[in-house]
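Below is one structure, written out as C-alpha cells; comments come after it.
Just so it is clear, A, B and C label the chains in written order, and each chain counts residues from 1 on its own.
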Amino acid sequence: MNELLRIEDLQTRFYIRDGTVNAVNGVSYSINEGEILGVVGESGCGKSVHALSIMRLIPDPPGKIESGEVWFDGQDLLTVSDEEIRQVRGGRLAMVFQDPMSSLNPAMTVGFQIEEALQLHLGMNDQQAEDRTAELLTMVGIPDASNRLDDYPHQFSGGMRQRVMIAMGLSCDPKLLIADEPTTALDVTIQAQIVDLMKRLQAELGMAVMWITHDLGVVADMAEMVNVMYAGYIVERGNVRDVFKRTRHPYTLGLLRSLPGLEADPGAELATIPGIPPDLIDLEPGCPFAARCAYANEQCWTETPVLEPTESERHTVACWRWEDIMRGAV
Amino acid sequence: MSGSVAETDLKGLARPGTEKQSQAVVRSPFRDAMRRLFTNKLAIVGMLMIGTVILVAFIAPWLASQHPDKNGVFEAFPRNNKLPPSIEHLMGTDVIGRDMASLIIYGARISLLVGVFAVSLAILVGATLGAIAGFAGGTVDNVIMRIMDIMIAFPTILLALVIVVILGPGLFNAMVAVGIVAIPAFARITRASVLGESGKEYVMAARSVGAGARRVLWRHVMPNTLSPIIVAASLGIASAILDAAALGFLGLGAQPPTPEWGLLLSRNRGYMFTSPWMVFFPGIAIMFLVLGFNLLGDGLRDALDPKLD
Amino acid sequence: MTQYLIRRLILAIPVLLGVTFFAYSMVLLTGDPAYALAGEHSTPEMRAALREKLGLDDPLPVQYGRFLARIAKGDLGVSIISRIPVATELRLFLPATIELALSAMAIAIVVGVPLGVIAAYRHNSLTDLGTTFGSLVGVSMPIFWLALMMLWIFGLKLGWFPIGGRIDRSVDLQVITNLYIVDSIITLNFPALLSTFHHLTLPAIALATIPTAFITRITRSAMLDVLGENYVRTARAKGLAEKSVVSRHALKNAMLPVITVIGLQMGLLMTGAILTETIFAWPGMGRWVVNGIIARNFPVVQAGVLVFAMIFVAVNLVVDVSYGWFNPRIRYN
C-alpha cells in the first residue's frame, strides 16, 4: 500500500506569558492510503495540536511549528506557500472538529457552508453544488436533505450537526480525513451512530482516516493502527491488536487497566494512574512519564526515549525498559 | 509482567535529587488582576495622567500664580487681558486679564469633584435599584427597568439639561443632574450581574451547604458584581466630566466666577478667533483628565476580566 | 421575521408612552406654565383664569390624555417666543439635524468599521495600538472644543470651509423637504448640492469623531472575538482565502455588537448635535431645543424632548430588527 502521509520530527510550541509550552515534541509516523489510524491520549497530550499542525492551522502567535516535515501527496505541507496549502485544505486533506455547534458558522445556512467548499475546490456552479450537497447530506444520514439546505446550524440536533460537519469534510473527496474527537461532545448513543457512520463511509469511499480520541473503546472498534500519545510524544505505536494485547508501554498499560471491565469485582476501586501529566511549560528532557512510572530508573529520568521496534516491526514503543518490564525483571 | 501499576504508590513524583515539587501556587484573582493592570502600559499612562491632575489640584495654592479670594473670585487685570502664552503667563490671560493657567489649575479641583460625586451618586442609586430589580424579579424588576429604559431613551445632555432646568442652574445641581443621568447604566450592570450570578452553579453550591441568601449575596455575588461596576465607574467619571463641562459650556452648569473648564471655554468662545489659547487650554485640560480615566477604565476592564466584553 | 418585528414593536409601546408622559410632566416640573405664558406682570387672577382655560388644574392623567390626543392630531402648540406653531418650526429644524446626524453617522460607519477590522486583523501591531489609542483620544475630547478647534483651523486660519449656516447665501435652493441634499438632487440644483456639502463637511466630521472612535473600538473587539471562534478555524480548514474568512465568515457574526453600538451612538449623536449646532450656527433641533429650555419655551421643549426620544426609540427598534437579520438564532426564539 502506498504511503499517503509521513510526518517527521514534528515540533510545535506555544509562546505564552508563563513560558514556552512544548505541545508537540518530535512526533514521527506515517499513514498509508486507506488506513484508519487512531490517536489516543489524555487531554493536553498534543493529539489535537499535532493534527492542527499538519494542516498548518496553528495560530501564530502564540503558536509556532518549530520544525519537522509533513509529507502529504508529494509535498511538504510545512514549507509550501499559503496558496498551495489552501488548495490542500478542505480538498485532499480535510478535518472534522470536535464541537459542531461552535465549529459551524451560526449565521450561515448549512447548505452554503458545504457548497462553499465544493465551489472552491471542485469548481462547481451553484446548481451542481446544491445537488451535490444534498447528496452528501443524505449520505451522512440526514433525512429530507434537500429541504434542509437552507436551515441554520442551530436548527439541527447535536448528532445531526456532527453529520453535517462530516459531510463538509467529505465533500471534496479527501484522501485523508482527520477527525478530531468528533464524538466527545455527543451522547453515548449518538456516538455509536457516528462511529458506525464513519466506518461505513470509510468502507465505501476508501479514504484514510485519522481518528483522534481519548476513548480507547472507539479505537478498538474502528482503527487498524493506533498511536498512543503522552505529553507531546508518541509513546507507543502499532496495530490495534498488538497495542491492546501485547502492550509494552507502562502508560498504555495504565490506560487499559483503568477501563472498568464487565468481569471486574463491583466493589473494587477503579484503577488509576497515580500523579498528573507533566507541565508542558519548559519541559525537561527525560521520559515524560517517569514521574508516574513504577519502573522509572536513572536513564528514564535523564534521557528521552525514542520509538524502538518491539518483537514485531510495526509495533514500536518509546520506553527504555520495555524489555525488562516484559520479562518481569524490574 | 511484574507489579500492577495500580499497586504502586506515588513513588517519585519528584525527580530524584531535586526538590522540584509540582507547583500549587495559590493566586487570588485579585492579585492576578492587579498584576495585569500594572503591566498594562496604557492603563499606567492613564493612572499617571489622573495622578497628575490630582496632584495639581492638591498643590494649587502653591502652584498657581493667581488665587481666588473668599468668594472664589479671581482678580481681574483688565490691562493684561488677552495676552498670548508667555513665561509669566504660561497659558496666557483671559478676556479680563486673569491668568489662564491659574484658572485651569483651580478648575482641576472642580472637575475631579464633579466626576467623583456624580458617579458616586449614580452608583449608590443605580446599583441599589439594579440589585433590587435583579433579586426581586417579577413586577418590581419590570417597573424599575422600564423606568431605566425611558431614561436611556433621552440623549444624556438633554436629560441633564432638563434636570438642571428643574433644579436650577449651578455647579451642584449640574453634578446631581449628571449623576442622575448615569443611574440607568449602573442599574443595568448591577441587575445583569445579579441575575447572571444567581443562576451560576457556585451560588447554588453555596446555598446547598446551607449558606443563607444574605451570605451568598455578600461573599459570592458581590465580588463578581464589583468588576463591571469598577470599570463602569472609571469610564463613568470620564463621561461625567465631559457632560458637566458641556453643561458649563451651555451656561447651565457651573456659574461664574467658578473656573470650571467648560465654563471657561464658553466664556472665551467669542474671542477664539483672535486669541485661540483661551479656548485651547481649557479643552486640552478636559481632554487630558477624561483620557486618563478612559485609559484607566479600559485597563481595568482588561485586568478584571480579560474576557469581559 | 415579521413575527419578530411585531413583537419588538409591541414591546416598544410602553417605553414610548413613558417617554411621552415624561415629556409632558417634566415641563410642569420646571415651573408654572401659566406664569411663563402670562408673563411677569400678570396678576394671580389672570394666571388662574389661564390655568383654567388650559386645563392645568385637571388631574395629571387627564392632562396627559389630552396631550396625547393633541399630538395625534399633529398639534404641538405654539412657540411662546416666536408665536409660530411648533410643528412649523419643527419641520424647519428637524431635517437640518437629521441631515447632519445622518452624514456624521455615515462617516463614522464608513471610517470606523474598516478601521476596526484592520486593527483586529493586525492585532498587536503598531497599526492596532495606534488605532486603539486614537479612538480613546477621540472619545475623550469634548465635542464642543473639537468643533471650535476645527472651526478655527479649517474655517478661519485656512479658510477652506465656511464657518456657519447650511448653504451659501448666494445660492438659491428651492426647499421642499428641507433636507438640502435631497432637495438639491430633486431640483437638479448642482451648485446648491455642492454648497451644501461644503457647509456640511466641518460639522459632520466634528460630530462624527466620537461615534467613529466607538465604532472602531467595538468593531475591533468584536472581530477579535470572532476571529478566535471555532467556526473561523473551520473556514480556514476548508481552504478559504484569508480575505474570504474575514469578510464573509467573520464579519457578519461580528456585526451584532457593532450594530448595538451604532444604535447607541444615535443617542450620542443627538447629544453631540446639540452642542455642534451651537458652534456651527447650524439651524437645527439641538439649538432650537436648548434655546427653548433656557427661555422656558415649554411647547418647544416638549416637542423637542418628544422628538429626540422617539427618534431614539425608533433607532433602537431598527437595531433590534437588524439583530434578527444578523443572528438567525434570535429570530426563531
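We take it that a residue touches a chain if its C-beta (ideal position, glycine included) is under 8 Å from a C-beta of that chain, and two chains touch if they have at least 3 such contacts.
Computed from a prediction, not measured in an experiment: that's the story for all the values here.
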* Structure fact -> More Cb-Cb contact pairs, comparing A-C against B-C, go to B-C
* Structure fact -> Computed over C-alpha atoms, the centroid farthest from that of chain A is that of chain C
* Of all the chains, which has the CA centre nearest the overall CA centre? -> B
* CA centre of chain A versus CA centre of chain B: separation in Å? -> 50
* Asked: Just curious, how far off is chain C from chain A if you go by their C-alpha centres, in Å?
  -> 54
* Approximate Å spacing (C-alpha centroids) for the pair chain B, chain C -> 25
* Asked: In their shared complex, at which residues does chain C touch chain B?
  -> 14-15, 18-19, 22, 26, 29-30, 132-133, 136-137, 139-146, 148-149, 151-152, 156, 221, 225, 257, 267-268, 270-271, 274-275, 278, 289-290, 293-294, 296, 301, 304-305, 308-309, 312-313, 316
* List of chain C residues in touch with chain A within their complex -> 124, 229-231, 233-241, 249, 252-253, 326-329, 332
* Name, in rising order, each residue of chain B that touches chain C in their complex. => 42, 146-147, 149-150, 152-158, 161-162, 165-166, 238, 242, 245-246, 249-252, 262, 265-266, 269, 272-273, 276, 279-280, 282-283, 286-287, 290-291, 294-295, 298, 309
* Where on chain A is chain C touching in the complex? -> 55, 57, 61, 85-91, 94-95, 97, 99, 102-108, 116-117, 120-121, 152, 154-155, 165, 168
